[in-house]
């Protein structure tokens, strides 16, 4: 065996939490998106580990879908970033609080 | 099911849905107000004829006189089941009558007549439904169905403070009815778990075995809903506002009918379903009723708005009714129900007259009115008559009911009944104050000219047609109530057996 | 993949291909009529869902083609069609590109259809993402409207994060059970009667994502902002379809979860109660119709959660009935809003509605009817919806929730009546609005009719839903 | 003869009243008056023709059942027995005369229809009281007369005071009615019937402990109607009504209803010595009180009103002393001469140009000697001049009191005698101030309708010779009335007593007359002393009641409204609503619009879930 | 040997991610992230997923991150761009770290209760052939759906990102 599966879970959780923290704390839209990417990667790590654990491919396939989905999402997000930056001349999420209450 | 087979011709459904058809037609013809007026009158009149026909045609015997029962929502065991006994018969007759009055009194309704008449008609369907339904969910549906049109009637066509009044009315009653819903569903589930028969049919649920605590809990759920509608003492504050702010038709319906639905719910559902809990609750009901009688009479004395006085007088009268019910004997119950009918007629008449007065003088304020007899003798005569009836002058409507209630109540609560008799004196105090302020004394400044800058004119033909029957009814019910009492006798007997007698 | 599979998945495929076709053709022949075409395609898909029997019960271990799935595919297709019909005039006055819009809405309803049909976590994930991605765009579709952009951004960021949660949750569950396919995926979570810790963590993560999608407290905060910013028809779709699809997908999920649900019970209880309270309280002081509806939708999701929590055929039946009632009423409300919307702005503040009831009686009364139905006033369908849920709660032994639900219903009347009062009971100083389009009137009439008919005679729908349940 | 003819008695006035009420305003005035008068005359004739039916225990007839419910059976039914018959005769007779008088008195009033309608209805209600065979019907009449008097006192409603006086009368009497109602309820719950005859029959069955309270309750009712202490304040104000009304309602008939009630229920009443004693005391003290007030009054009608009150006091005394016959006799005689006095007063007021104040009159003897003669007869009866009707009836009462012999009766007798003196004093004060001396009012020469004079003589005669009705054997009479009524003959007092009383009473009369003669023969205005004012204001009872009843009542009313309804109940309800809206504000604040805050929501939610799950799995 | 490699790579990934998350300058952040992705790719390879590892490098490190860089450049978010001039200081970090730490501890503690703890990851190798077979047979439908997603994402991105919406002044709006 390589490592106990648990260790992999621990690693993934740490990465996930790092991503989450980034999302929580950063104000720069780009950094928020990066945080999301980290979280998704953590998910991917778990999936790959699990597919190794169960010795079946579904997990790996899911990772592929995850990546594809991520790229789709990223494309829209970055388009959004461009669009918002064009409108407000900033990508600081704090600037977007016109709707509230 | 414990129900007999449905009657071959669904006369009850006809009575029930006729007004609703009227509503739809009104909405369709919303571009010609005149047509809507006549339509509404036609619909209400035909209902009146039908009910009078039933009243004359049906025998005065205990038990259901007519039944209808069809499957409706099998998955919940909800059935479309209507039934009619002497009590409901009287109440639907009253409803039909007062609705005609309501339409006639709002004949000159100027803003959005179609919507107005449509709502009045829906309201009629709702009230009739409440008096006819025997499936609890069906009953609840009609119970709620009364709220919305009334809300709009008050909120759209009301007076100065209408929205507040409308919301207050709505939330008071709705709070109660949601408790009712909760209780109904719980009862339904308990019965279902006991017998495996999931049904909302009243006669089925009556068989449910309940533990004391649970029975009391459910009973309180029912009680709250009905008592708020009646209204009993601490829950009455919605009524003065609603009555005062509502348009004439609204006030007539509120005072004449909606309050009655509360009483009806009590005797038809709350008491029979939970006899033991009901038995335990009677003393409290009696005391609250007595408090209500005094309290309302006092407050009425402090009002300057005539409508408010009459509204509070309704609270007092309903106090008498509840006192009668709490005495739990034939005499008192007959009196209570009779008083219910009489109060419907007299108070309805009073609100009609007040509306006429306001049409002419544009004021309901005692301080501004006075000496009306000089300018409007006929109007004043009617006003005096109805006021006297309302203060319980023997020979006029209310007295018959009140004295029966007192006689019956004295048997069980001597002290309370004796005190309640004092309420009659108080009612004289505030009613005569109104008569004083409106009819007698020098001409009040509001009465010098009416809205059309001329001396107010006395009753026109429509108003005569409206008032004569009511006046005759007031005298008839006062001098010869037997025709009303007989249909009541049998059903009341049954209801009293259903409960455990003290 | 075989022809059988294709044929069995026909409705979704129709939607997807139709969307593509509209997109492509629209590139050559730009026209707003593509929206009508899209509506036609969606209806076609609905028809096919209703008429053409599936050859095989499940496609590729991803999507079921059972009657339950088919029903929701049809429902969301029809919803898509109605949304498109509502959008026609809207896109005109706001000068939005027709074909893109139509294509995106079509694909959104395709995604919803897939989600409701999912029998595997992968399928769930893909379906969910499919329409989430589309909504990112649709919400920000009015590009000249800065509020739209902000709403889009909020939905995007939160959605992306939620996706992360969902993915991680699914991954954990897969790690625990070694399968994505229901019910094996959950069967693997079983450990001496309870749920494995891994499963618990996975479910917690998934619940966050789900809570975001259907806006349960405390994951609901985005709702009012996004509702307010998005174009009215899109808001309608977002409020009904995206939430409905998730709920519809949750039912089989919980069915598959079986007894393990017991471990999540308290959490679901708290979520439901919290949503009921938070939504109610926040909705009370609202003076903006869209925001009010947003918070009220939180409350409704609380009701649906009660249904899920109780479980069992009766509760699920009540839940689905509630879902449909909610969908119709909400669609109608937003339909009225979109048909009220003008070139320069769409009235949302109550101040804009004062006395509007007499200037536009038909649309106003439809709005009133929808609100009253949402409030659960008979004889509108909302009453039986609430009735069913509360009955289920009492029967399932959750009197506390039932009481909270009743109180929420009571309080809800305040915020549902306020706009009605503003519409009908205040002096009219509202300005005359342009009369709505033909299709809008059609949709609104439809909603109204459904509200009333189902309110008066709900029996058939109840029986039908009972027959649907897996 | 068909006993159902009896219903003509009550139906004729009713018909007259209803017709006048409905269409009277469309009929010529004369016709209105004619209709009213004939209807009353009709019922007078009916009474006479039905007289034979009254013999023995009378006849009972039933028209239809009014209220019938479990155990309760209240008919529209009449009991025509001697007591009722004699009352009927008096009421219808006096009423007819007064109607005729009123036709002249009101001939220029444009509201004649209303007046006569109410007057007829009043007679109808009064006859209901008299003839009712059950307490409910009696109560109907009881309230009916109350309403009619309300309407008639406030007949000239443009003047606020008149209407207010009417309202006062109605409500004060209604307070009395409250006790009557309670007595009724109680009797029904005890005996299970409201039939008067049956109640009287079975009264003996009742627990003696209960009878006294019952009697007191009945007394309360009687006090209200008959303006006895403490419910007497309404009667003087009631003089605001037209004079015929005062004559009919507030002198002859309605006010005596209380006495009649007590006589009616005498078999029950007599069972409670305590009750009897209380009745007697109330009577005696009222007699004294009213007489003392009458001393100081200036308005002619108020003097008469107080005198009425005091005479009714005598009747109560009689009942209390157990001599129904004496009471009834005095009732009848008093009715005659008091009606006479009031009608005379009405004429005088006309004569003096609608002037009420006796200081503004005087010397009217010369103006109209005939009227003077008639009025003098009235005064003599009132003052109890020997061998007038009033003398005999009063004498009988005092004799009854005297011959009882116990201490209380003795005191009451003393009071009675003293009051008799006062009575003759104020009567002659009135007479002198009005008729003697110089005329002090402004000159007027009103045209007097002959009806205003020629309706008086019959009453004068009746008053003068009313004594013969029940002339004791001592005077060679046969006590016709008491035999007719079937009451035990008055106590056979020894000759000495009889003689002594005769002399004493004559002396008392004289003692009353002499000072009046000296003081008022030629007019000088009386000095304004506090005592006089005290008496003038009826011992200031009105102020007292204002302070201890009305003011607290108003306060309670406002308090319940503002503090109870407005502040407490509405306060709570609206408070709940406001609180919820307030909290709603906080929940709104959560939606800050900040994306990262929303994300924090996610994180916190996740943390809580995981924490809970951890707790569950760990524990 | 693989075990040691795993831990080393794991450490690298964590450190690199941590750096990426905390960098003030987006460009640096992206570069660090690329590092961590490389590490993850190697871990994937260790776990017997060569193809996934390759794609991790190609798609994530290659495509997505480059896209990020491109956007950052395009928006001229050079160091000293005002949006994040002074990035979140300790004051912002502390609560978030506490929150994250709490969640992490809860997760890890919960995982203690899971039987999976004992299981080890075996040496295992999924050949690209099998992988492709699985992808295009069992999951062909899913692939189609994903492709549609990509298509509509592209459309959306194009629509949103397209320059010059109607009412936007060249200066933007503030």
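Residue numbering begins at 1 within each chain, and the chains themselves are lettered A, B, C, D and E in the order written.
Keep in mind that, in the parts below, contacts are C-beta pairs under 8 Å (C-beta built on N, C-alpha and C of every residue); 3 or more make two chains touch, one makes a residue touch a chain.
All values derive from a computational prediction rather than experimental measurement.
Any chain touching subunit A that also touches subunit E appears here: C, D.
Taking the definition of touch as given, a chain qualifies here only if it contacts subunit C and subunit E alike; those chains are A, D. Chain closest to the overall centre, judged by the mean of its C-alpha atoms against the mean of all protein C-alpha atoms: B.
Chain centres computed from CA atoms place E at the largest separation from subunit B.
Using the mean of the Cα atoms as each chain's centre, the chain most removed from subunit C is D. By number of C-beta pairs in contact, the leading pair of chains is A-E.
Mean C-alpha positions place subunit A and subunit C at a centre distance of 26 Å. Rounded to whole angstrom units, the spacing between the C-alpha centres of subunit B and subunit D is 37. Between the Cα centres of subunit B and subunit E there is a gap of 71 Å.
Subunit B and subunit C have Cα centroids lying 43 Å from one another.
Those residues of subunit C in touch with two or more other chains are numbered 122, 126, 129, 133, 136-137, 140, 143, 146, 152-154, 157, 161, 165, 175, 197-198, 200-201, 224-225, 414. Within subunit B, residues 171 each touch two or more of the remaining chains. Multi-chain contact residues of subunit D, defined as those touching 2 or more other chains: 577, 588, 591-593, 595, 599-600, 603-604, 606, 610, 613, 617. The set of touching chain pairs reads A-C, A-D, A-E, B-C, B-D, C-D, C-E, D-E, using the touch definition from the header. The touching residues of subunit A, counted against subunit E in their complex, run 1-11, 13-15, 17-22, 24-31, 33-35, 37-38, 41, 44-45, 48-49, 51-53, 55, 57-58, 60-61, 63-65, 67-76, 78-83, 85-92. Contact residues of subunit E toward subunit D in the complex are 99-100, 102-103, 106-107, 109-110, 113. Residues 577, 580-581, 583-588, 590-593, 595, 597-599, 601-602, 604-606, 609-610, 612-613, 616-617 of subunit D touch subunit C in their complex. Across the interface of their complex, subunit A is touched by residues 2-3, 6-7, 10, 13-14, 17-18, 20-21, 26, 29-30, 33, 36-37, 40, 43-44, 46-49, 51-52, 55-56, 59-60, 63-64, 67-68, 71-72, 74-75, 77, 82-84, 87-88, 92-93, 96-97, 99-100, 103-104, 107-108, 111, 114, 116-124, 126, 130-131, 134-135, 138-139, 142, 146, 149-150, 153-154, 156-158, 160-161, 163, 168, 171-174 of subunit E. Interface residues of subunit D facing subunit E in the complex, by the touch rule stated above, are 600, 603-604, 606-607, 610-611, 613-614, 617-618.
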